[in-house]
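Common to both upcoming complexes is chain A, partnered first by chain B, then by chain C.
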Partner chain A sequence: MLDVWLSGLQGILQVRELLFLALGMVIGLLFGAIPGLGGSTALALLMPFTYGLESFAALALSGGVMGAVPMGGSISAILLNAPGTAPSAATCLDGYPLARQGKAGLAIGAAASANSVGGIIGTVTVLAVLPIAKRLVLLFGPPEFFLLAVLGLVVVATTSRGKLLRGLITGGFGLMVAFIGYDDITGDVRFTLGIPYLWDGVHLVPALIGLFAVAEMIDLSIRGGSVAREAGNVRITRTLSGVLATFRHWRTVLRGSIIGTVVGAIPGVGGVVASFLSYSLTVQASRDPESFGKGNIEGVIAPEAAINAKDGSALIPTLAFGIPGGAEMAVFLGILVLHGMQPGPMMLIQHQPEIYGLIWALTAACILASFIGLLFVRPLALVTLVPAEILVPVITCIALVGSFAVDASIENTVVTAVFGVLGYIMIRFDYPRLTIVIALVLGATAERNFHQAMLMADGSWSIFVTRTISLILLAGIAALPCLPILRARLRRGRGSGPVSAGDQR
Partner chain B sequence: MRPSTRRVLIAAGVAAIAMLAGVAHAATGFPAKDIAFIIPDGPGGGFDLDVRAIAPAMEKYLPSKVNIVPTNVPGAAGTRAAIEIYRAKPDGYTIGIFNIPGIYLQQQRGGAGFDLTRLSWLGRVGIDNYGLAVGESSPIRSVADLQALSQTRPVKFTSTGPAGTAYNATLIAANLLDIKAQLITGYRGSSDYVVGAIRGDGDAVITVIPTLRRMAEGKTLRIIADFEERASVSGAEDAVALGKPELAQIVLDRLIAAPPGLPEEIRAILAGALVRALADSQVIAWAKETDSTISPESSDQAAATLRSQIEFYDKWKPFLNPKR
Partner chain C sequence: MRRAFGTPIGDYLPAFGLALVTALYLAAAYRYPPDAREIPADVAWTMLGLIALDLVSRTHTGLGRALMRWFNPAADREDAEAKPHYTAGRQIIAVLWLMGFAAALNLIGILYAVPLYVLAFTRLRGGRTWRASIAVACGTTLFLWLLFAFLLRLELYPGALIGGR
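Moving on to the complex of A and B:
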């Protein structure tokens, strides 16, 4: 086993491969930071270029891109509330409030270190489970996917404490939006108003760019000033304490990494679920849940650890069965095929050195990208001081162009604009955006898999209790809403009040 | 596989087309700018890879040096790309790859906004045959076993949704084989529903042979029938052995076309470059490495292939789209 790991490492540790890794990393950081572009666009553009490369070089290049994209994505999420990639939308929730308080350095520092640690934990887990990966993937079928989606929805619903009704309203609205489009099971077309674009439903990335970036720019242009205007003085120098915060909150990092690894390995669920689930569970577990959404550093660490841990394990379904976890993996699959590596059960046997090389490349890119992120914290954080008159038009343009670039359709920009206004209304009237995002992501998955489970079982609900993993998930769903009540009881029993969550100064 | 005489004929045709193309270029000045090659899929899909492998080779055989730019237009089960090509100016600067019968089935359902028979067909890249497989641990060992099972309850096949090519292929094949079928639909792509069958979500799966073969090599899937007239998968029953030669008509053609009304000279240039690209050593090496079937056809043959597919699926229309 060890010799295969090492031969993979050897394949990557060549001058040429390292150069391609570095190139991929820079591209990944840039594409990750620009909303709408992300890893899939970067890989798609690089694809013809990899055609002429040897497989290790191509893998180093793609690994560099995929490992660095999350860091780029979180930088723009923190500084501008504009998630560069869909999973980093979760980082906006607390990262951006920190930036507004002038603590962008702290947030980016924490994101960078959580990134690296998450990446390493993810890699270790993948190396450990790769030999049994095939069986692992086969354990999850439609009933399990459905219950996982429900679990995700329940977790998020129970997170919006204090705003439960508002959370349910936005969650319900998100679900209705998620149900728009062509139904793959019945062949029916729902709420598409005769517009072919809506056949595939409301696209997630344009909607997220609207909900976060555009909404924020509307808000900023009305408020005036700059992102960190209220902060008085911007303390960029706190980067180091941000880095250390990750280690202080090691439980959050570990939780996030495990969630990321597990969710990543389940095909078709994807990074958005990983980051939001990690965020929600961290809020659940916190002794000071009220401080989240207002700039709690744990709210940055949790999603960041999950996003990077997920990258490694997302390779499992992609390589073992050719089922990509998301758009980025789909393009990466194409690059593999171009290089004569057909994903499938044989891939894990025939191309072991390449697979391990790729995993090493991913990990190295993730750690190095964090360092680069840290190096540029100071100039980057100055963005939060740019006056609204300059920042708003620039970011709005980038957001709309990025949204168009997702798949070159002009309709995306309309979606972004509509969700931008909606997002602003939500900010203005204090409705949580977490629930709408998770509903948008999981709505269609839940519906499709429920349908499939029913088809499998001829309409009998017993399928959810006769399969072991389903049963465990059901128990989890039933237990979750009881958790906060239980914890409140326990705390009252101990007679101690809530303790501040650390970095809330 | 097609008879090799066809390949010889094509090879002979290439020279003639190339000469015509040279003459045509002198007359039209085509191409003078980059050509968009539209792909009805996102980057990374099967059609995408075909185009990305062929485009650079095609560039070599155009009379002047321009780029052929792979352009992904995914969405609405291929309809978005088809509409874009259909409405583009017929000047040769927009061409696209089509999933036949997939996209025809969209047209058949009505209101699709394009008419395939009016497009200017340039040729065929390849063709895939279908087969039937079960999970490695399944007790089912032959089509006869499935037929027996079908006597007790409908046999469950995993598949994409009603807009998918495999969905319709499954319905037709099951009907031809006298198997009462129930489809578990909604999977996200061919790998996804094949894994569904391996996992035991359903009893069996019907899809294109290369996808099945890939999973079968890893000892996770068993191919029990190959719908070709003569099976290329060892141990699988073929259309003749099953006594249903019509099964061999269930195929997936990858055809290339330009918008309706493309001038004849430009059509000759593009079709010539395509045929020569498909015979290019680089493309052939790529196809071999990736297990893609390249089986070229000229523009007239491609148009005929489309007509025969339309005829086949029109015959099955009442069965595939029963009035609800």
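Moving on to the complex of A and C:
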């Protein structure tokens, strides 16, 4: 096994391959930072250019892009509340409040190091798991996918403990929106108001750009000033503290990386679930859950570790079964086929050096992109000092045109604007945005898998209690809402200070 | 501001708006076959229950305060904190700028809407000089054209009035 790992590493450590890796990283950082672009657009754009390249060079280029996109997405999420990629939306929740407090350097430092460590942990896990990947992935069927979606929703709803009721309401609203469009199982088109664009449902990326970037720009234009409230307060020198914070909160990094690795390996679930689940569980585990959403550095570390750990494990279903975990992996699948590598169980046997070369490239890109991010912290953090009257129109333009660019659909701009106003109303009237995102992502998946599970079991609910993984997930769903109450009782029993507001129920 | 049950009427508006949307959603759901409406209808009925609780929790009655304490303690505390107050007019104007830009994108296309919006915003709303406003407008348009039209070879939407869909 070791010799295959080394041959993969050797394949990547050639001058030409390293140059392609660097090129991929630069493209990945740029495409990651601009809302609406992301890894799938970058890979789709590069696909024709890889045709003339050898396999290792093409994989280095692709690995560079995929490894660097998350770092680019984090930078814009932290500085402008504009998630460059959908999973980075979770980083906005605490990264942007830190930037507003003038601690953009701290947040970017933490994001960069969590990115690297998460990437490394993800790689190590993939290297260990790849040989037994087939058996693991086959344990999940429609009942498990349905329960996994419900678990995700429960986790996030219980996270907004201080605002549980409002969290549930926004989650419910997210589900209602997620049901819009063509229903795969019954063949009905629902809630589209006769608009053909809505047959595909409400597109996630334009909605996220609206909820976070545009809503924030509306807020900033009303508030005036700049992102960082006081110019003299921007402390860019705290980057090293951010890097060290990742190691100080090693449990958060480890938890995020494990969640990222597990969720990433499940086809169709994707990075948004990984990052939000990691964030939610970190809030659950924290002794000070009330500080999240107001600039807690663990709120940056948790999603960042998950996002990069997910990238490695998303390769498992893509390579072992030819089932892409998301849009980015679907495009990457095309690149593999273009280079004569047919994904599937045989690929794990016939193209081992290339696979391990790709994994090394991905890991190297994670680490190097983080270094590049750190190098540019100072000029990047100055963006938070740009006056609102200049920043607002520029970012609004980039957000709406980026939203259009997702699939060259002008209707996306309307979705972004509507969700921007919705996001602003949520900010003003104190509704959490966390639950709406996870509901938007998981709603359709949950419904589809529920119907499929019912079809499998001829309408019997017993299917959810007769399979081992389903049972474990059910136990998790039942136990999670009880955790805050148990914790509160434990604290009262120990008499360790005041009970947090979230635990008063 | 006028109050109902001790709370400004404006604070009830989001919950009432959401209740109206949910009721319409539910009415639409019952036009679909049972299999297709099963889960959406369940979610919508649950939503109506939750919104009712939210409405009650916003009142300054005994039950309202109890619900707030149980379900939204963080929101309760934040109510007590001094929150910045912006006039409704100021907020509506900010939303109208965005809606105007979105409409312009759809009507006159990206290449005309972007410079016009940036120029108008920086000059009229931001009070910057003409020179600075024109520079920011040109810079933004050039950046977007270079990235999307030149590098990505994406056809920028020309606008419904100028030949778009």
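Definition applied: the second predicted complex is superposed on the first by the 494 of 505 C-alpha atoms of A that agree within 3 Å, B and C clash if a C-alpha of one lies under 4 Å from a C-alpha of the other, contacts with A are read in each partner's own complex, and residues count from 1 in each chain.
Going forward, a contact is a pair of C-beta atoms (placed from the backbone, for glycine too) under 8 Å apart; a residue touches a chain by one contact, two chains touch by 3 or more.
These figures come from a predicted structure and were not determined experimentally.
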item	value
Touching partner for A:428 - first (chain B), second (chain C), both, neither	second
Contacts of A:168 with chain B and chain C, given as first, second, both or neither	second
Contacts of A:330 with chain B and chain C, given as first, second, both or neither	first
Which superposed partner A:393 touches (first chain B, second chain C, both, neither)	second
Contacts of A:225 with chain B and chain C, given as first, second, both or neither	neither
Broader residue contact with chain A after superposition on the shared chain, chain B or chain C	C
Chain B versus chain C as contact partner of A:408, first or second or both or neither	both
Contacts of A:183 with chain B and chain C, given as first, second, both or neither	both
Shared chain A contacts, counted only where both chain B and chain C touch the same residue	183, 185-186, 408, 451
Of chain A, residues touching chain B in the complex	40, 43-44, 47-48, 51, 134, 137-138, 141-142, 182-187, 196-197, 199-200, 267-268, 321-324, 327, 330-335, 337-338, 340, 342-346, 349, 407-409, 448-449, 451-452, 455-456
Complex contacts: residues of chain A adjacent to chain C	34, 41, 45, 161-166, 168-169, 172-173, 175-176, 179, 183, 185-186, 188, 190-191, 214, 217-218, 221-223, 290, 387-390, 392-394, 396-398, 400-401, 404-405, 408, 410, 413-414, 416-417, 420-421, 424-425, 428-431, 446-447, 450-451, 501-502, 504-505
Chain B to chain A touching residues, read off their complex	42-45, 48-49, 52-53, 56, 70-77, 79-80, 83, 113, 156, 160-163, 182-189, 191-192, 195-196, 198-202, 214-215, 217-220, 286, 289-291
Chain C residues touching chain A - in the complex, by the definition given at the top	11, 14, 18, 22, 25, 28-29, 32-33, 35-37, 39-40, 43-44, 46-47, 50-51, 53-54, 57, 67, 69-78, 84, 86, 90-91, 94-95, 97-99, 101-102, 105-106, 110, 114, 117-118, 121-122, 125-128, 136, 140, 143-144, 147-148, 152, 154-157, 164-165
